Each structure stands twice: as C-alpha cells, then as structure tokens.
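Heads up, there are several structures right after this.
Below are two complexes that have chain A in common, paired first with chain B and then with chain C.
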Partner chain A sequence: MAIRMKTSSGQDTAPTHGDTVVQRIASAVPGWVWWLAGIVIAAGFPLLNVIGVVETAWLRVGVVSLIFVLLSLGLNIVMGETGLLNLGYIAFFAFGAYTTALLSSPKFEIRWPFLAVIVVSTLVAMVAGFLISLPTLRLRGDYLAIVTLAFGEIVRLTIINLVPLTNGPNGITGIYSPRLFAGAKPALEGIEAWFIIDKPLEYYYLVLVCVVVLAVLLTNLKNSRIGRAWNALREDELAAISSGITAVRAKMLSVVLSAGIAGFAGSLFAYYSNVISPESFLFMQSVIVVCMVVLGGMGSIPGVMLGAVVLQALPQLIREAAGAARSDFEVYRMLIYGILIVVMVIFRPEGLLPDKIFKREAHEVDPRELEMTRQSLFDLEEGEKDLGV
Partner chain B sequence: MSFDHIMSVTIGGLTVGMIYALIALGYTMVYGVLKFINFAHGEVFTVGGYVAAFSLLAMGIDASTPWLKVAGAIALALVAAVTVPMALGLLIERIAYRPLRGRSRIIPLLSAIGVSIVLQQLIIIVFGPKPVTIPTLALSSASVNLFGVDVRVLALVIIAVSAALMVGLTYLVKSTRIGKAMRATSQDMEAAEMMGIDTNRTIAFTFLVGSALAGIGGLLVVMYYGSLKYDAGFLYGLKAFTSAVLGGIGNIPGAVVGAIVLGMTETYGVSVDLGFLAWFVLAGLALGIYVQMVRVPNRRLAHIAADRRTPEYERSIMNVYRLAPYHGIKTLLAERTDALLSVSAADAVRLMAGNIFLAVLATIMFINSSVRIDTRWQPVIAFVVLMVILMFRPSGILGEAVTEKV
Partner chain C sequence: MEPVLELQDVSMSFGGLKAVDSLSFAVRENEIVSIIGPNGSGKTTTFNLISGLYEPHSGDILLKGESVAGLRPDLVHDKGISRTFQSLRLFSNMNVLENVLVGMHSVTKAGPFASMLRLPSVRREEKAMYDKAQEILGMFPGRFSGPRQLQPAYSLSYANRRRLEIARALASDPVLLLLDEPVAGMNPAESHEVMEQIKMLREKGYTILMIEHDMHVVEGVSDRVIAMDHGVKIAEGTYDEVANDPQVVEAYLGKRAADATA
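After this line comes the complex of A and B, so read on.
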C-alpha cells in the first residue's frame, strides 16, 4: 500500500532544492490520490487470487500483513506520535487474542457474538494499558521501555504458567469463526453461511475495512488537538507542559488507545488463526512491530502501514524466491530485521515515508528548513531587512 | 526450615547474584557514561560463554583429563572468553552507538535492540541453535564441606573471582588515570573534552572493561551449569539490568548490591516455603510503616515556611499521615485549599495502600505457609522486581550516580 501524503496539515509546500525528479512528480500529486491508489491496490489484490493468478497462501500473507498494519498503527501512536518506546506491545495483542479465545471457543463452551467479543477484547486490552500506564508514565523514556518489556514478558510467562485458563504452552484451539449479524435470519440455512467469515478472502476484506477506518480516524486524531499535544510532548516535554498540556493524561490516553488497537488486532488475529499459543507473543514479535514503525517512519501513518506490509510480505517473497527451509530462513529474517533497525536509525531515522515534523527533529539542522525559516522571517519583516535578521 | 537448606540456598543465591553482578557492571558503567541502556550487553555475555565452551570443547577436555591440563585449558578459554567479547564490544560501540551520540534517548536504545537481535541470530548461524554443552569436569562436580553443608567448589570460585574483579574494578575507576577520565566523561562530556580527555577513547575503554567482565561471566556460567543456550543472554541481560537499576544505575557498588539482592530474592523465592518468606514481607511492612509514620512526614514538615509553622498545622500534617484511612482520605476528598496538605494526603493514602497490600500479602503467605512457589515462576520474579523498583524507587537502593545535564 504505497500511500504518500504530502503534509499532514494539508498546507502546500513547493518542491525544495535537492529533490529528485521522481520526488517532485510525487509531491505534485495530491495526497488523496495516493490514498485512493493504496486502497485500490489493497482491495484489488485478492481479485488476483480469485482469477487464479496468485495462490491462496499469498492471501493469507495479506491478512496477516493487514493485522500487523493495525498493530503498527497502534504502536505508532505511542512510539511515533508520543515518543514513548513500548517494548511489550505484543502483550496487549495477547490480551485481545486470549480474551477472544476464551469468549469464543470450546474451551469454556462459550460463543459470544462477534461484535461483543471484539469490543470486550479491545476493552480488556485498554484496561491493561491503563493499569500499566498508571504507575509507569512518570518514568523517563528508556526506563519506560524496559518496564514495558518486563510487562510483556510477565504477561507471556503468566500465559504459559496459567494452565487452567490458557492451556499453557499448548494454547487454545478451535476458536469459532465470527458470525456477522448472527441469528438475524436463523430460519434460512443457506443464507446463514453467508454471514460466517471463515475464508481468507472474507477475513482479508474484514481486516482491510478495519485498517482503512482506523487509518482515517488516526489521521484525523493526529491533526487534532490531542495529536498535536502528543507531538509536542515528544519533541519537548518541558515546553509542552509549560504550554498547558497535562503530560500524564495525554500520555495515558496514547498508551490506552494504542493498547486498545492492539487488543482489537489481537481479537481479529485469534479469529483468523483459529489457534493461539504463547508462541505468537514473544518479545521478538514486539521488536518486529517496532521495526515496522521505524522502517516506515515514526509518526507517519502511511509510513508505518507501508513498513508493516513490507516487513510482513517481503520475507514471504524471499522465502519463495530462495526456496530456503523455513527454520533456516527465520534466522536470516531476524538478522535482516536487526541490521535494518541499526541502519535505519543511523542513516534514515525518519523512515521510508517520513512524517514532516519527525524528519525535522531527526536532522537537527536541516539547511533547507533553515533557509525557509529565514525566508519567512524576511517576508514578515520586509522593512527590517537591513538589520540582517 | 533446616539450617542446611537455608545455607545452601544462600550460597546458591550468592553465586547467581555474583554472575548477575559481573554482567550488571557493564550496564551500569555504560549507563553512567553514555546515559543509555546497552541492550546488546546480554548477547556479549552469551558470546563470551559460547567462545569459552567451544574452546574447551576444541581442546578435548573431559572428566579424565589431568588437572594441570584442565587448568591450562580453562586459562586459554578465559583468554578467548575475554578477548572476543572485548573486540565485539569495541565494534558495537564504533558501528552502532558512536554515530548516535547526542540523539534523544530512545534512538540509541533502538539501535542497541537491533544489535542485540543481530548478535543473537549470528550466534545461531555460527554455533547452531542447539545449546552448547561441555563435558563434566572434576572441578565442576567437586564440593567441599562448609559448616556441615556440601557446597560446590565452583560456587565458591565464582564468588571469589567476582569479588576480586569488583575490587579491581573499583580500584580502576577510583584510583587510576583512565578511571578518573571515565568519571569525568560521565559527569560532563564536553567539559571533560575541554580538559584534554579523549572521550571517545574513554568510552571505548568503558565498553572494553564491561565486555571483558561479561565474557568472564559467560565462562563462569558455562562451567557452573555445563550448558548455555543462544538466547540465554536476553534473560541474563535483563536480570543484570534489573540488578543495576535495583542498586542505582551508574553506581558500581550499587550494581553488586542489587545483583546480590536479586539473586537472593530469586533463589529464596522458589526454594523456601511461603511461611518463611512472609517474615521478609513483614520486615518490609515494618519499614513501610516507618516510612509512612516517621520519615515522609518529617520530610514534609521541613518544607513548611517558618511563619506558618504552628503546632496545629504540624499536627494536622502528622494526622494525615498517621491516620491516613480517616484524615488522609478526608483531606483528599475535601476542597484543596492547602497545597502541602493535599500533597501529603495523596502521599499518605498511597503509602497506606502499599502497607495494606504488604499486610494482606503477609497474611496470605502465613495462611499458606507450607506452600512453595513453583520453579516455573522463577523468571517472573526478576521482572516483577524490575517493575516494582522502577515504579516505586527508580533511583535504586544506593541511589543513582548519573549526572543529568538539563
């Protein structure tokens, strides 16, 4: 989903010096065109499967990629927008997944309706996020990262050890497929099947709709008062507090919101995969989501979406091309991810599709920015040019 | 609870704690100088262990080898286990951390996580995913009788070696030229540069020392447990970091104290009955009550301006603390007219909640006094300790020794 937004505020910037021709053309196209193109590509992809060009395995990769898009959009709120590193993000994903598994599986013979389960899963993850943020948000950045890491590990180890509730390492199997509008027409046997989502194609569109809605909501949120407060906190906490932002409340909101998104994604993941086990919630998974956000561009919504798709789909591509054994390949996959983080952080900390403000922050002194600032100063103080402002 | 059991658990806890301390020193020194968590340090430790194990295996040591040859082999393995991590530490610092100096806190941390993953995968690629196992040596199974308890010689060796290394490190940092440079760099890098200190070299030296200690830790772990897994560094690293924070980050004696406390907590937690542990909780409760009733109120009273310091006002503050369930909550709910009083009330209620929690915990533990925590939960203990210490006292037991430039 190659979406490129020009500026988040919609203000038009002229192509600056040093841009390549491609970049100039790219920035001449209005932002909504990129969004539309992305949605069309994403929505059209399964049709390739329908007409038989790509295998169903690719559709499965697509569903998982989209679930990871949700996850990285969620992590982007805390990591990209608010500047808090969360290394235990997958724990909220686990909360969502296990809530869904418990409420809709033969484990306790419960089958709640799909919408209720997904709402409860989101809420459970949000409560977990609230509880963990309550005592930790006053910590400084790197300690917060380690506390969240510890939290993630505690959650995972508890899942493994709490056998009566979670079946321990074996996980919960046989999660029921979601029934949309279940019971609306119970009498018609043939039609009921239409409401059950159990094929990759159906899951794909279900998750895609969620991704699009979430991306729109988050873009609006980013440009809202709350989003600006988050960005302000990320760039200079002291200045932000002095400007009247309640730091703890704003941070808490971002942590709770991102936890909720992870819970939501976890619920979809549990439904989609039918089986969940602690294997899916390792620390490495948290790192992979962090990787997606860093690669795409912290704070940039189209960026993190691209990052998630690239990092989830690319390994599959390489695997097919190289034909390497699966276990062997996993090692190299993580190796590449690790190198990717280091290289990105050193050479391009703003990511592939950078967020404007973050880019400025990453390259502390950007000569072009400096020039523009000077220019606008001149524009403002036309008459005082001689003073050499 | 027999004396023998307590004794062997204590020795076990001390041994584990000393290993944590060796790794924790690397974290705490780097944090002291660069103010960031060298997340890859745990992997440096693993590399040390693997290098040691493979050099022992390469030299064909087994239980029947004469002891002189074993000693020689261990010495060679020690050299390998020190030099390889040292080179690695230098390399990591040069490639992944130096370009990021002066950037915001989470950027170098991200880089460190990347390095940690790269190292872990490289270990798998180079040495294979199976845990490395060394043959049982006479040294690793030997034991001596200490106060009527059989203690492994190796445990005593670990404790002695670690203690000696820590004394050496303290001497290095406190009394040598390079140690002075390290302290200066840690206090203010710019000012140190102005005084003619080559900060790059000093930082590289810090990594060198930390990595060497981690490498020795790796060797000791391999010899003590007989095997090491490629992902061991993650858990050891986190526990060592927990120790460093527990003792106060940047603080070298603190790291040792923190490591011993953590090692003891972990070992005692799963080796003795809850009824015994409850006494520790009770001691914690006593400390908590002292903090709530005496320490914090006295600190608050010191803040009262002289002209307001009437006996009535002092008494009302004291009452908030001493009768927190009544006065504290009442003040908290009342309209906030007095800043100090409402801050104190919030404080008092929080402290009281903590103390009530401890009391409930101790009661539950006394009721289930014959229950023992399952070993499965052992890794959780360290994480819980980490979370609790960061939430309630991020500066650690002995206090931080990090100077923050604002």
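After this line comes the complex of A and C, so read on.
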C-alpha cells in the first residue's frame, strides 16, 4: 500500500479529466480520512434509529445494503480488477444462502454453530466458483458473459426443481439465528442469550464488521502483486502472459475468491432473512450487483461500496417520497435503474468514486489524437535534453 | 561453452507459408546478436517462437541446454526469457512503476492470503520490489525519475514508452533479453541514447537478442548479426561480413544491385 498511498494523496501528476476546485480540495484530503468518515457514518447510522429519528425499516434497508456491499466488493474482483464480466454472480450468493439454510434450519433439524456454517457456506461457493471457472476461463469477453448468465439460470432452476433438498419454490423457512458461542452449558443460557443475533441492529453491526474487514483485506490485495497481475491481464493479456503471469491461474483465483465472498454474503443473508426462496436469486439480482459496481466505479473499493448503498437505499427513498403510491413503485424501479446507468455511462463512465487506472481506461482517447500529443511530447523531450534533465 | 540460446532446425508455417524454415543459430553468454532482414522475413515469428507465443512445427529451442519449445509464454518467462514487442504493449493505464512491478511477477511469490493480511514477509517483498524497480528505472537517467513514475504509461512519449518496455522486461533479471525493434520510430538522438543503454546492459552482463532495422544501431552494438529472408537464415557473422554479403544486399535491394556491388 505504501507505494499506492502516495498516489491517492494527490501527488498523481497525471493529467486528470475535468479537475474542478472541489475535486482538487477533495484530493488534498488524505485517503484515511475518507475511510474514517465512511466508517463513522456507517457505524453511527443505527443510532438514529435508537434515538427514534428514522424508522426500523431504514435499519433493515441498512442491513441489506451492507450485504450487497459485500456482494459488490466480491463482484468487483472479477469485473473491476480482472475485467471478466460475470452475469450469473447471484448464483454464488445462492450457494452460500442455501448451504446456510440446510445447515441451520428445521429442514433437516441441523443446527451447526454459526462460524462453522459461514465457513462451510463460503467454501461451497468457492468450490462452485472453481468448477464453473474450469470450462469458462478459456472463453473471452462476450462468451464468458453468456456462459455465466446461463450458469446463474441453471442454478436457480435447479433450486426450484430440487424439491427434496430445497423445498422448491416454497423455499426454506425458519432458519435459526446465529449463536456466536454455541453449545454452552444450560447454566450459562442466560449469558448465551447475549450472543444470539436476531435483531436488525445486531445484524447491522455484524455485517458492518465483516464489510470493514473485507474492505481492508481487498485493499491490501489490490495493492499487491496479485492485484497488479489482475490489472495487467485486464489491460493487455498478451503482454501480461509474456511478463510471466499465468493467466488461467490468476483469473481462477479471482473467480474463486469472488465466489467465496458471495457465498459468505449469502450465508449472512440467509441468517438475516430467516427465509430464503429462489425469488431472491433472480437474474435481475445479478444485474443489480453489476449495476452497483458500474455505478460506484469499477475497480474502486470505496466506489463499489457506495454504489451498493446508493442502489439499495434509492428504492426505499423513492418509496417514502411516493407515499401512498408505493404499490406502483416496483414497476418503475428497474426503469429508474436503467436510466441511472445510461446517464452514468454517458456522463461519468468511470463511476461515482473512480479507481485511478479505470478512470483512464474509461476516458480512453482517440489513438490518433494521442499520437499527435506524443509528437509534441517528442519536441519537449529534445528541449529537456538541452536542460540536462 | 554452452550457448545461452540455441535454435535447432526450427520451422513454423502459417498454412502454406513457411514463416521460419529450418532456422538454426546460437546466442552465447553476454553477447548481443541482431537479427536483420526485410519485412516479412520471419524475424518477429522467430521471437514469438522463442518466447512461447507460437509452437514450432519442428526443431527445438534450447535455453542453457533445456528445451523451451512449445512451453506457455509465462513458463518461458519463468525460465528466464523476457521480451519487448514491436508494437508497444505496455499496460497503458497503469503507471510507470506498476508496469515495472508487473514485470517482477514471476520472481516474487506472495500468495493471496499473505497479501490480503499484508504479512511482514509481503511488506519486505514489496519493499524489495520497489527498490529493485528504482534500480532498473535508474538505468534510464532522467527519464523515469520522481513524479514521472506515477504517470500512466500512455502519457509517456513514444521513446519513453519503448524504454519502459525494456525496463519491464529487465525487471525479472532475465537470462536472455529479446528486444523487438527497440529504436523503431525514434529520432537519431534518441536511438543513439538507446544504443548506449543497450551497450551498458551488456556491461552489466545481460545477453541480448534483438531485431533491428536501424543499421546504425545494429553496427554499433552487435557482436554478431544474423540476416534472414523468407524465413531462412541467409548470412551470419560480424556486421561487416553480413552487410557485404551478396545475398543480403540482394534481399534488401534486389538482384541488379547485388550484381553491381559484386
């Protein structure tokens, strides 16, 4: 991070597009201040509910938003960092959610401890990611998008039809609440109650801690040799493999890791919602996660987090604003998302909080124009030589 | 002494076209060998064969006696061959420093979990990579100093992008460096500077195989020159020997010119 930090604190002398005064002031603030501000706002939000300023409905929106923050962080690894479009990402979320539902519900009367369930859910999703990556990683661009789209649908239809295991369209109900310390002696039951998570407020902080930890881990990874290898593959695959990067291995790592994160998020989602059914894992959900990543800024960790929060909070905001007409709102939700994405792609393709590499990619200039700029740079360089620079 | 690189009867064809036809040559340690030849004579195909982008249809390619023919490009790179491209292939949106750091991928080993946790071993490795990158970029005095290292590669001048590609190739301490037209598109002053840098690389002990059209540079740096035409090696020797070879003159200037000089 040491190397990258310098650039984020505004020393990047690269010509940036549309530098306004606000942006210049914003880039003068060190990165950690933004992080701290984000954490404080996120951690302080439920207190508004506690003191009665906002309704509990908002707290629920908060929990789901944070779960989608995890999802968009995960999708960002494949889509933003490695540049592979995955349109069936929600399938991995489903793997995690159903694993949790099976291991902690009356369905088979199993109640594994929380930590074991969440680890197994993550691993199951990772295995699914590994298996799907075997045939697909040799495909490129559009083909990969279509295969992952089909994969997402196959998983959903399998869930609907595999009734003995999944209860089909009815879903699995009555998922037990997580117990942080399971199997305590009866004498300790009073204390144990403290470690059961079943209120929105408790879920909120549980997921928030996961988000913060994951964001830190992924930021480290992004600034490591592995993150750079992903970026290199996205930029120029031929040059990357000729520089010693094993493309299949690096891509597989990115797919498996992102699948694992989706599985982890799915597990939290299953615990939180108590009930899961195939309706939660529609193709539209995959698209929404893609939208979150695009809106926030592909490749940018703070960006995709913001994107997820905005797209989750927006429906609730509009619902409240619409008031009585709330039942009609669902009809327009996707329309609004669609317009939002079109507007973003036209006016700010790099996203709300862009990643610096991706920002350049989004604003790629006409090569001929660039060549002309370079010609003038040639002359500059000659001048430099005289100055003995 | 065993040569660093040895091509034995390497052939490769695209459909009916023999791009490289039973090509054999060797590059010895700490030597600069240039391949010259008209366009379409199979020079870049030869490079692609050596660096693993193509698999030879017959023959063998040995790096220090070990066959690398048909290995994947990343494995060839691991064995110690790194290259530059004729049409620049930098990671344009990544900055100068990051481009060089990517070049070190195969000689570093931090795993995903260690990297996520940023363990002390990872920090040490990153620090070592950073220092090494400074050392390599320092070989091009004044070109990649200070804030320039944080500029995206696309914003560099053409000559600097060529230099950066060389720097990226050097990052993994290659046994053999393949330079595909290192001075293409440069003005005389710049190509002279790159020539001096290539000589300096030899002093540092690198072994270089290079494709070049600029005869001034070829003459200036090459220990030996190999001339190719239509996929076949037509001459090999010192610059003067090759430049005066009738077949070479014919390949470049046509039969009558060759007769005139003979």
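A few points about this structure:
Methods note: the second predicted complex is superposed on the first by the 339 of 389 C-alpha atoms of A that agree within 3 Å, B and C clash if a C-alpha of one lies under 4 Å from a C-alpha of the other, contacts with A are read in each partner's own complex, and residues count from 1 in each chain.
FYI, a contact is a pair of C-beta atoms (placed from the backbone, for glycine too) under 8 Å apart; a residue touches a chain by one contact, two chains touch by 3 or more.
In this text the structure is predicted, and so the values were computed from the model without any measurement.
After overlaying the two complexes on the shared chain, residue contacts for A:L253 are found with chain C alone; chain B is out of touch. Of the two partner chains, neither chain B nor chain C is touched by A:L268. In the superposition on chain A, A:L206 makes contact with neither chain B nor chain C. Judged by the touch definition given at the top, the superposed model places A:I276 against neither chain B nor chain C. Legend: residue contacts after superposition of the two complexes on their common chain; A:D236 is shown touching chain C, with no touch to chain B. Once the two complexes are overlaid on the shared chain, A:T158 sits against chain B while remaining clear of chain C. Number of chain A residues touched is higher for C, counting chain B against chain C.
By the document's definition of touching, neither partner reaches A:A308: not chain B, not chain C.
Here chain A touches chain C in the complex through residues 1-3, 6-7, 11-15, 217-218, 220-221, 224-229, 231-232, 235-236, 238-247, 253, 257, 357-358, 360-361, 370, 374, 377-378, 380-382, 384-385, 389, going by the rule given at the top. Interface of chain B with chain A (complex): residues 36-37, 95-96, 99-100, 103-107, 109-111, 113-122, 124-125, 129, 234, 238, 241, 245, 374, 376-377, 379-380, 383-384, 386-387, 390-391, 394. Here chain A touches chain B in the complex through residues 83, 85, 87, 135-136, 139-143, 145-147, 149-151, 153-154, 157-158, 160-161, 283-284, 287, 290, 294, 331-332, 334-335, 337-342, 345-346, 349, going by the rule given at the top.
Chain C contributes residues 51-53, 72-74, 77-78, 82-83, 85, 89-95, 97-98, 101-108, 110, 112, 115-118, 122, 125-127, 129-130, 142, 147-148, 150-152, 154-160, 168-169, 172, 187, 189-190 to its touches with chain A in the complex.
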